[in-house]
Structures are given as C-alpha cells and as structure tokens.
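Below is one structure; the comments refer to it alone.
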C-alpha cells in the first residue's frame, strides 16, 4: 500500500534528476525512467484492486498538513484509480513503444514524457480547481513539447496551433476558476456546490466548463487537434489521443456537479454534434492518423455526451459507469492500438496499407482494434452503446439517439473501408520494416486487456449464458489450430457444428427446430463442400464457425442482448468471410455498411423493448410481451436489411457474387434466413396483441415488391452468382409475404418456403461453385454446353430450378400452392397477382441460367474439364435427396409445420393421408408425383420403342441457314438473352434504388467535403473557431 | 383396382382429347388458308404429319436432355389434361383431378414448357434459345392477366377446386362466369390468345414453312411427339377455359361445341391481326388485360 | 474581408458574453472564510508574516511545486527544441565585462535576499530567482561569448528541485503530510529563521527558478 | 481616490499600448510596447495591494518575457540574414 | 476596483483580437501575452477589497484584526503561479516560432497550413 502521492513525488524527483542521471549514460536514465513508469502502474493497480475488489473506501490525501479547504487535497477512489490505471499503463506501454526514439533523442524528451504522465496523475487526483489548472498546464506544456519528438515542418506547425488553441482554452479555464472562486469562496470541489452561484455567477461555471470542453476538441473548434494527430509521432499521439483525453474528460467529470441542467443538455448536444460531424468528415479522410484523429475527436464527443446526459438524467451509477466506462475503455485501448500500429506501418494513405499484409499477426491485431473501435461485441464499446440506446430511448431523446447511431455507422464505414483497403488493395513489392519487439509488445498487452475487459463485462455484468461465448471460442479455437491442414480443420468444423447442434438444440416441434435444421444441420452439410479447398488460409473456418454459431445462438438466445450480440457476431463473421473474396473490397464495405445500419435499427428497436422474462429462449417468451409499434418498425427494418428486402437489396449482388464460391451457399441459404427468423420473432408478439396499425400488411407489400423486383433484376444478369443473388431476394420476398400474412396457412407456407429455399439455394450455389471452380468464370455466356461434362451438376441445378419455379411435382409447387391459398384466403388478391407474375418471371432467369451454362454450345476451352469435385457433389446429393423426399411425401414437412404453427394459430387445413385441404382447394403431393411419373414414363417408353434408331450426334452438329456455323462460340445464344424483354420491361429494373443509395452516399460525401472545409489549416482560423464556438455555446445556453 | 379403372378412363379421355385437339388444328389451318384465299390442307393433315414424321428414317438426338425434351413436353400436356376434370359429372372424364386444384393445373403447364425448353436448349441451335427466350417472356406477360382472372374466380366462388367452380356455374347460361364475372373472362380470353401462340402472338414459333422456334432441331419421332402434344395441350387449355368461364360441359357434345367456339375466337383474332414483335406483345398483355384483371378482382372482392 | 467581419462579430459576441461579469460585479466587503483562515493561519500556525508566501509555500504548496515543474518543463522543452549553434561574435569591451561581473555578484546577493526573506517581505523564490537570472543575463550581455558551465547549472537546477521534493517528502515520512512546512520548528514570528521550512523551500525554489531561467536565456541566445 | 485616477490613467495607457503593440509594423517596438504593458500592470498590482504580484510581474512579465521575446526576434532576424 | 477589472477585460479582448487579426506569429504571441496580463489583472482585482493593505502581516497590520485589514491573498497566490506559467508558455511559443521560421522563413501564420481537412 503505497500512498499514491508517491507517484507524483517519484516522477518529479526522477524528472528533476534525470539529466543528472543521464550523465551516467543513457542506460541509467532509461532505467530510472522506465522504473518510475512501472512503479506508477503498480501503485495504481494496487489501489484499483483495493477499491474494486476489496471495496476500500475512497482515499483522500491532504497536503501541507492541513485539511481540505485550506490545502490542496488529492483524491483516489474507484473511478480515479480506474482512469489512472489505464493512463499509466498506456503511458508505460507507449514509452516502451518509443524506446528506440528515447534512446536517441535528448534527455529532455524523457523528462517531458515522465512529467506528462505525472501531470495526468495529478490532474485526475486533485480536487482543487486551481491545482487542476496547474496540472493542466503541466500536461499541456509537456505535450506541446513532445509534439515535436519527431521534428518536421508539419509537427512544428501543428504544435504551434496546438499551443495557441490550448492557451486560449486554458485562459478561459483560468477565468472560470477565478470567478468560481469569487462566487463560492472556495477552490476545492468538495466545498463548492452549484447553489453558490447566482444566475449571473453561473458564467464562472460556464467559463470553467467551456475551457475544459474546448480541450476535448469539440466540433468544429478542433482543427488544431486534428493537425496534431496527423503530424505527430505515433507513440506521442497515442498518448495525446488517449491519456490526455482521459485526464481531461475526468476533469470534466469532476466539475459536472457544478453544472446546471441547461448546460448539461447543451453540452450533451454538442458532444453528439461532435460525434456525428467528426465521423462525417472522417469519411473523406485518407491519412490514417488524421482519420484516427477524427475518430478520437468523435469518441471524446460521445464520451462527453454520455457523461453529461447520464448526469442530467441521474441515471444509476452502474449504468452510467457502464456507458461512460465502456466508451472510455474502448476508445482508450482501440485508439492507442491503432495509433501504435499506424506508427509501425508508416503509410500516409490508408490505400497504401496493404503492406500490412506482409505481417499477418499485426494485421489481425489491426482488425481487432478496428472491430473494437466500431463498437462491435464483445468489445466494451458495444455494451456502452447498448445501455446508451436504452437510456436515450427511455428518456425519449430521439434526435440524440439517431445522431449517435448515424455517427456510429459513419465511423464503422470508414474503419471498415480502411480494413478493406488493407486487406484487398494491390500489394506492391515493398516490404515492411522489421517490427521491433518493443513496438509489438504494447500492442499485444493492450489487446489482451481489451479481451479481458470484454470478457469481464460479458461474464460479470451481463452474466450471459455460456453458449453466447461459442462464436468467440470458435474463432479463437480455430485460430489456435490454424496450423492444421485445411481438410482436417473442415472435419473439425463439421464435428463442432454437430456437437453444437446435438447439445444445444431442443428437439420439440417448434420454430426453433426448423431454424435449427436450417442453420445447424444445413451448415454442417454445406461445410462438406469446403473440404475441397487445398488451402483455406488462416481464419476461414474460424469465421465460418463464428457465423454458424452466431446464427444458431439467435434461436436459443435468452435475452434481447444475447440475441443482438449474436446477431453482431454473425454479421462480423459474414463480413470477414465476404472480404476473403478476391474482388470483395467494395461489396464487403457495402455489406457491412448495410448490415450495421440494419443492426443499429435493431439496436434502437431493442431500446424500446420492455423487459422480458428470462426463462428460456426469447422465441418462446416473446409472446408474453407487447412490443411497441416503434420498436417493431425499427427492428423490422433491421431484419429486412439482412434478408435483402427491396430498398436494402443492393448489397446482395456484390456480397453474394464476390464471396468465395463455396461460402455463398451459407449466405443465401442460411444467413439470409436470420432476417426471416427475426421477423417471425416480432410477429409472434404481434399476433398476441390487438395492433392498432397493421404493420404486417405493408410488410406484405414490401415482400411482394421484393419478389417481383428481384425476379426482374435476376433476369438481366450475366453473372451467375448475381443472378442467383437476386433470385434469393425474390424468394425471400415470398417468405416475407407469407410470414406477414399472420395466418395459419400463411405461416405454414412461409416456413415451408424457408426450408425449401434453404435446400435448393444451397444445392444450386454449391453446384455453381463447382462449375466456377472448373471453368474459372462467373459469366454465364462464357460457358455453355457443360451438360456433357458436368452431368451431375446439371441434374442438381435442374432439380433446383424446378423446385424454385414451383413446377409440380417437386416441393416448390407445395410452397406455391400454400402461398396462393393463404394469400387468397387472407384476401391479399393483388399481392397474389404480383406473385404469379414474379413466379412467371423466375422462369426467365432460371432458364437463362441453366441454358447458358449447361445447354447450347460448348466453348473450346472447356473441352477438357471434368465434373465437379466430389466434395461439391456430396452435399448436392444430400440436398437432392432432401428435396425429393419432401416432394414425394410432403406430409413429412407439412405435418410438423402444422403442429408448429398450431402453437400460434388455429389450424385451417385438413391433412388426410397425403391430401392437404385448405378452405380453398386441395393438393395431394403424393398423387401428383405418381401421376407425373406416369405421364412422364408413358411417352418416354413410347418414344424409346418407336425411336430405336436414334443416332446421337456431337453438340455442334447443327445446321444453321443451310450451313454449319463457324464456331460453337458464336453459336451459343446466351449473352444478353432477354434483350427483347429488356426493351419491353427493362425500365422496371432501372437501378433506382441503387441510384438512391448512390445519391445518399455521394450526398454524404459532399457534405463531408463541405464540412471539412472549415479545417482550413490556418491556426488563426482555428482560434477564431474556438472563440466563435464559446460565444455560440454561451448564447445557446442563454446564461 | 380402383386405380386401374382410373387409368383406363384416363387413357380413353386422353385419346379423345388428342384426336379432338389435332382435328381442331387441322380445321384451323383450313380456315387460315381460306382466309388467305388458298385451298389449304385437309382437316386430317395433322394426323398425316404425325405419322409421316414418325416414319422418318433418320433420327438425330443431341443428348439426353434433347431426347427428354419432347417427353417432358408431352408429359406436361398429358399431366395438365389429366388434372382437369373434363366433363362435369362424368367418371370417365374426371381424370386425376383429385390430385390437385386449379393451381396445380396452372403450374403443371410449366412442366412441359420447362422440359421442352431444356431439350431444345441442348439442341444447340441458336434459334431454339431465341425462341424459348421469346416464349418464356411472352408467357410471363400473358400469365399475368390470366392469373388475375383466376384469382377473381377464386374470390367469386371461394374455391380453387375446378369441379366446384363448374358446379357453381350449372343451372342456366346466366350462371356462367362469362356473365357473372365478365371482366375476368375478358382478361382471360385475351391471355388465351397468347397461350395459343397464334398470330398476333406467334413470334415464339415464328412459323414459316417449318417452325424455327424452339423445336427447330427436333426431327422424326421427337417432332411427332411434339405435334401430338400440340393437339392434346390445345384441348386441355380449351377445356380448362370452358370449365372456368363457360359453365363447363355435362357431356362430350357440349364440350366439343364450347371448346370449338372458344378456339375459333382465338383463330379469328389471329387471322385478323399481324404478328407482334415480342416486346410489343409483352407491353400489350401487361397493359389492358392486366388492368381489366385488376379491376375484375377489385370489383369482385370489394363490391 | 469576410474573415474580418467574422472576427469582429466574434469580438462583439465575446464582449456581450463578458459584459455582465463587469456590470454586475460587486466587490466583496469581507474576506471569505478561506482567506480569513489563511490570514489567521499564516500568523498562528506558520509564523509567517507574508500571507501570500505562506499560502504559496505551504497551503498551496502543490501548486507551487507544479509551477516549478512548469518552468522546469519549459526549460526542458526549449532545450529539447532549440539546437545550440556555435557562432563567434565580437565581444564587448573588457571594461564592461569587469564592471558587470562585479555587478553580478551584487545582483545575485539581492536575489538571495529576496528569496530568503520571502516569508517576511514581498517577493520570494520566483522573484529572487528571476533576479538571479538577470544577473546571468547581464553576464551574457556583456560577454556574448561567455560559456556557462552547464553541468553546474544542471546540478543546481536538478538538486534544488529534488531537495524541494525531498523536503516535501520528509513531511510525508513524518506522516504530517506532503510539503508540510512544520517539519522544522516554526521559530519566532518575524525572524528570518521562522515559519518552519518556508524559507528553505523558497530558497530552493529561488535557486531552481534562477538556474532554470538562466538556462532558458542561455539556450535562447542561441550560441 | 488618487489610486483610482492612477488606475484609470494607467489603464488608458495600457489599452493604448496594447492596441499600438498589435499594430506596430516594427516588431522590436511592438515587443517593447508589450513589455511596457506588463510594467504598468505591475504598478496596478501594487495599488491593488499585491506587492508580491507586482514584483513578479515586473521581473517576469515585463523583464524576462520581454527579453525572451527579443531573443526570439533576434534569432528570427539572424536566420533571415543567414539566407 | 472596478476600473482594474474593466481594464483586465479590455486587455483580454485586445489580446484576443490581436490573436485573431494579426498574421505575424510574433504578434500572435504578443497578443497571447496581453491576454495573459489581462487575465492576471482580472484575478488580482477580484481579490481587492476597498481600503485594505497588502497581506503582509508586519507591524503595519494589527495581527488580531488582520482579516479585516488585508486584501484577499488567494488571488495573489494564484496570479503568481499564473504569471510563471504564462512565462513558460510564452517562452515555449516563441521557441516554436523560431523553429517554424527556420523551416520556412516566414512569420506569417498563413504560410503554415499544409495540414488541413
């Protein structure tokens, strides 16, 4: 137990004497330097342990032998030690990071650094206002000086701007201090209360607060800070962005009790403004450090806003600590990590960061930092956001809520874009410098702490069920065994999926079972196709398992939180999987942007949710609560994004097409169903209430539009995977409409469609993967005539398209029959018409696909290709068997569905043997099958009998205008197949939604461009901004 | 035992329908010829054609799917026909309508088309996919008014069961859908024009001396199978329309008369109008007939 | 031009903002409790005549330590920033140099007087330190080529600072609090050796400030 | 009363000096003028009963600061000459 | 002493105006030091009480009634610290100016905007 004042004493002593020590060699001075920094960390860690674990009460340290109002006192409590622990740790680690620099540069740099850290400690601990000013100046001056640790023109001018801006800010702070003293007669925070101030005396508080607030770099008075971030040595910037900000935000926290409510509101608003605008401007930024600067500024805005807002509302200590603390740690660690990494990479344009690929471990650490900074689970920022949304919704602060979510989205956008550049941009020959251990060590330590805090929150704060950890366990586990051969890993993955399903899934007749089959069993089967890979590279199976477990966990999630984190896990994994595709840079960013936007809608929706009993999966308990309409709408939007409904569909073609070929089946057949699952979840609650607004009626229309638009879009694709992607959009439209019917037959139809779509899409995509694997192209017109070479794949696709199109006797017809019956029964006649149209259009694209690939004339270059590899064929066969089985015996599936849906609706169909009778019509799948077989067999036999003399000729043996055509290439009619159709109806497929989103993105971009004009680079303008900002805030507050 | 009788009846029904359908085809050709001022082939010419093509010495196949194409097509025709109850109250002509309702019939039509498209596709001749592309796209458009019309009927009779629909139209001409729901009938009749692929919607086959649409590579027995199916399929469609819109038939004679008249309607329209280009026909179907269909639904559902 | 207008607008805003501070200002009639305590405490508890000094050195000793640190930082920072350039210059006259070195001794003496009497008279470590620095400035001015022994400067600077901290530390070790001036007897009111450790601390501060400022000046002159 | 007059007089002088300091083209003169402000300020401190502050301001504010300013100016000028 | 207070604010405003309007780096620093002086005067004048002496309790002051005879010592203390800090900051700023000038040979703040957006 060391008195924390020793931190200050020892740092000062060492600081004063360092230059003397240095006479004895740099080794000695460095030893002293690092020992003191380490000592600080240990002292604070010890205290933190006492406060946090042992529950020791807050420590007050008087100086000069007098107690508080007379002398300056320091205070160390739980919060102080928490902040200081991180600050000192970051200080130590950054010092280690900079060791090379410190070995070379003047001794002054060590002194400055040491005293900077001392200043932070003092600033956080002191309770005296003027003493704060002194420590603030210590902090500032040492920071100013350290900005030129690497001296160049840029860092010098940035440092100068920093100084004058900091000078102005501290001048106002000082003015504030003196007026607070004047009005309250005290300088010690313990003895000042907000009651001391008359109305006009509040200006003292205002000056105090604004001085500190300016130091937090609020938009737009923060140009100087950004210049500093851009130009200063990374190790130092890490300190500025992280440690300094932490200290300053803590000062702000300390003076919070003085601020009247009006201030709190305005400052909250300003914090949020900073958050959204800094992130907005960030999207135009290409310099990594300046980009991080925008992000830092934004995060500080968010942190400040959360502090102000929770104080204003008087939110319980735990929650506000979780929010502010979460944002704090998240920003603190992630930002330090990123700045350190930026210092190692040394590229001044995020587009050149592909060199990082030469150093995979560092790339992974980089990715982790980005994920953390984006506020994704399990990292602390996520939990903060989760609680924050609840608080904001609870207090009806909708503007703030939407601003924060938009800001988060923008931030995630530029971070993920950066990651995309890093992983996908062309890698030039240049190699990275050898990374010093001293540089990588701090990064590793912080990443470990990041994970530790994340898990700590997961286990101790939320005590989540153990299976929620599985996605993370999966990715870690797979990472650990990444040295194994990929076939082995594939088998391990299958085993893992099987075990997961076996242990976690209830086998009762419920919706859970159905989706369990799709997500778990389906995944297990589809993984088989990946065995074909020779080398998967690192992470592939980890991502895959993470996604699968994430999807699986959705079904058994026991709370909204669990649901949402798994939703995010799944999304992250999906993003990483997509990103593995060769040309997936753009599609991946589009995917993650849309997905996160959707996720934020869901998050906002959960904010509105009432509490739910914590017994069993939410799918079973959600019926007991009434979901507010707003939550319903928000969440449905989120779910629709995932299932690529009309309006949010523009991510699918790219994401599906550019993902690796054997990954696409996961997306189409399983991943997209998560949206459906979500909608069902909401619908279960919806049907139990008497809604005043028939939301699902409009959802039905949206489904219908998706179906028809998807079909049209698919028709005009040349790229087979894009075609199937749009087909998925269309098919999901069917599912959405049948779920939104909210009737017994509708739901049977919806679930039946879901299952069906899962099977045929999986097998078609796997078959296509095989074809692409062999031919090396996705352009259908570059293929042709492959039926001769790949007959099995042809059969799969054939069965698949029959099933999709709903032609009897295969299972697709059952789904169509159910769909139309339920639509007409419900009275959605026009929608039924739309679906007839859509299903007719689906013939166009399906035929186009099968014809262009398998029929017609073969290309020369495909003369020697073989059938798909066996690993692709196995899952296809399994799915074919599945489809045939439920086609032959539809009761295998209708009967259970009848039971499942019977839990929610009164049964409206009669099942008698194989005969299914609805109120409108009837259908006997079994008999249809037999009749079809009969009518097929009879002509076939006749033809075989009559036509015994048939001679089979080569594919190209055709006559065309009385002559043999030139070459098979020119004879294969595949390119632009439906040009006439395009003439007639192509207008409907004009990419209006695409252009809408283009406008949105361009608009955002130009808005960002507009706003960043304020950062003129002129130091004087920046001071002007500060003055104007202060004046503006003053008048907004109306002091 | 039951099923054997059923099959036996079905065979009778099929033969009758095929012969009838082929004869109709012959008659139509005669009418066309007369309208053009020619003498024209004899009425039994389709039968002769089938026999002749069967008898071809050379039979060329391009592969399995090519081989199965006509089989699919004919199976489609057979199936479609078999799922329709032809004559109300007749055991022989009730076929396998117990297997499914109107929706089954509508979707089974696709069965043959899809198979044929596949077979023709394997033929490797560029004209086949061109024809198919046209055919499919034309189909998507004429299906719309037809589907709307069917929905209107389903609303009207509150069933999709063909037999029930026919039963509801018994007892006088005024009970026919034609009079109870004229808009739906108009929409459906227009789409029938497309379905029959007669002029002006005959771009799919583009009949010259020989058809140069999908069946271009088809020869000998393959072509014969297709020709046979043409007769049967035509009959099936006509019967379906008769059942849905014109009160069905209680005996064979009424069926023949009604279907003949329905057929003549499309023939006369075809003789009077020149051929549309594909996009023209699509626009056509998606304009007025569709609107009529929608109006029919709205009318029947909400008034 | 637009910028000028904006600047003027900003100034007007600022004036409007600060205006109430002036117009509504009322001078207090009495000292507030805190300063009353300081005034009485200075006499009763610290035996220091100069209240300002006693507050600076003891009550708000941490501030002062910080202040010294700030100055120290500035020295370090300036040393860190500026590279020393060697340029020979014409020196000033012998006479001037001799005269000034004589003066220097006097000035240093004055400085020492000021900081040792900080608890009795106005002034203290800072002022004294500045005066000492002025003495060295005089040396610099009279002989542009003069070279200070940096090691001595540094030792003085470092150790005076370190001792300051150590004196503070003694209080902590005696468990009467960091920077407590009462570690040595308070002495008699009004005497030079009174007010506990205040004169010692102030002297150390004076030395430190003096050496620091000298250092700054030496660095800034750029030779 | 006399102190008020002194303060007002000095104040006016200081304000003028401030404005002048900012507008003088000659940097040397500007720096000296700024130093004068500090010097005058120390007189004001004296009147306001803070001799400690007055001393400090006189020595640091007007003395040392001005010298540092001059050094800086000197350096800048030297650089100019060097080029 | 209200005039001193006004004077302080006036200097503060003049200094800020100087920082905002002057292009020359040294002038900006001068502006900053004027702001500092202004703030210091404000602080001291806030501690002023009418007709009282400096807080030096020598023979002039009656020790028993010291609290009724001296001005508030705290603002003086604060200003003392603030002045020294101001010196440090000013000196550092000037060093930066010198270094900047070395890099680019210009004293105009407009010439240092290579970092922006």
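For reference, chains read A, B, C, D and E in written order, and residue numbers begin at 1 within each chain.
Note that in this section a residue touches a chain if its C-beta (ideal position, glycine included) is under 8 Å from a C-beta of that chain, and two chains touch if they have at least 3 such contacts.
What you see is a predicted model, and the numbers here were worked out from it, not measured in a lab.
The minimum number of touch steps linking subunit A to subunit D comes to 2. Looking at the partners of subunit B and subunit D together, they share no chain. Ranking every chain by how far its Cα centroid lies from the centroid of subunit D, the top place goes to B.
For the pair subunit C and subunit D, the distance between C-alpha centroids works out to 19 Å. A separation of 16 Å divides the Cα centre of subunit C from that of subunit E. Our note on geometry: subunit A versus subunit B, Cα centroid distance of 53 Å, whole angstroms. Note: centroid distance subunit A to subunit C, computed from Cα atoms, is 55 Å.
Within subunit A, the positions touching two or more other chains are listed as 130, 134, 137, 141, 144-145, 148, 151, 179, 182, 187, 1024, 1027. Contact with two or more other chains is made by residues 7, 10-11, 14, 21, 28, 32, 34, 38, 50, 52, 60, 63, 66-67, 70, 73-74, 77, 81, 122, 126, 216, 220 of subunit C.
Interfaces, counted as pairs of touching chains, are A-B, A-C, A-E, C-D, C-E, D-E.
For subunit C in complex with subunit E, the residues that touch the partner chain are 4, 7, 10-11, 14-15, 18, 21-22, 25, 27-32, 34-36, 38-40, 42-43, 49-52, 55-56, 60, 63-64, 66-67, 70-71, 73-74, 77-78, 81-82, 120-122, 126, 190, 209, 216, 220. Touching subunit D in their complex are the following residues of subunit E: 1, 3-4, 6-7, 10-11, 14-15, 17-18, 21-22, 24, 26-27, 29-31, 33-34, 37, 40-41, 44-45, 47-48, 52-56, 70-71, 75-76, 79-80, 83-84, 86-87, 90-91, 94-95, 97-98, 101-102, 105, 107. Looking at the complex, you find that subunit C touches subunit A at residues 3, 6-7, 9-11, 13-14, 16-17, 20-21, 24, 28, 32-34, 37-38, 41, 58-63, 65-67, 69-70, 72-74, 76-77, 79-81, 151, 154-155, 157-159, 161-162, 165-166, 168-169, 171-172, 176-182. Residues 785, 787-788, 794, 798, 801-802, 805-808, 813, 816-817, 820-821, 824, 827, 829-830, 832-833, 836-837, 840-841, 843-844, 847-848, 850-851, 855-857, 919-924, 927-928, 931-932, 934-936, 938-940, 942-943, 946-947, 949-953, 955-960, 965, 968, 971-974, 977-978, 980-981, 983-985 of subunit A are the ones touching subunit B in the complex.
Residue ranges on subunit D touching subunit C, taken from their complex, read 50-52, 54-56, 59-60, 63-64, 67-68, 71-72, 74-75, 78.
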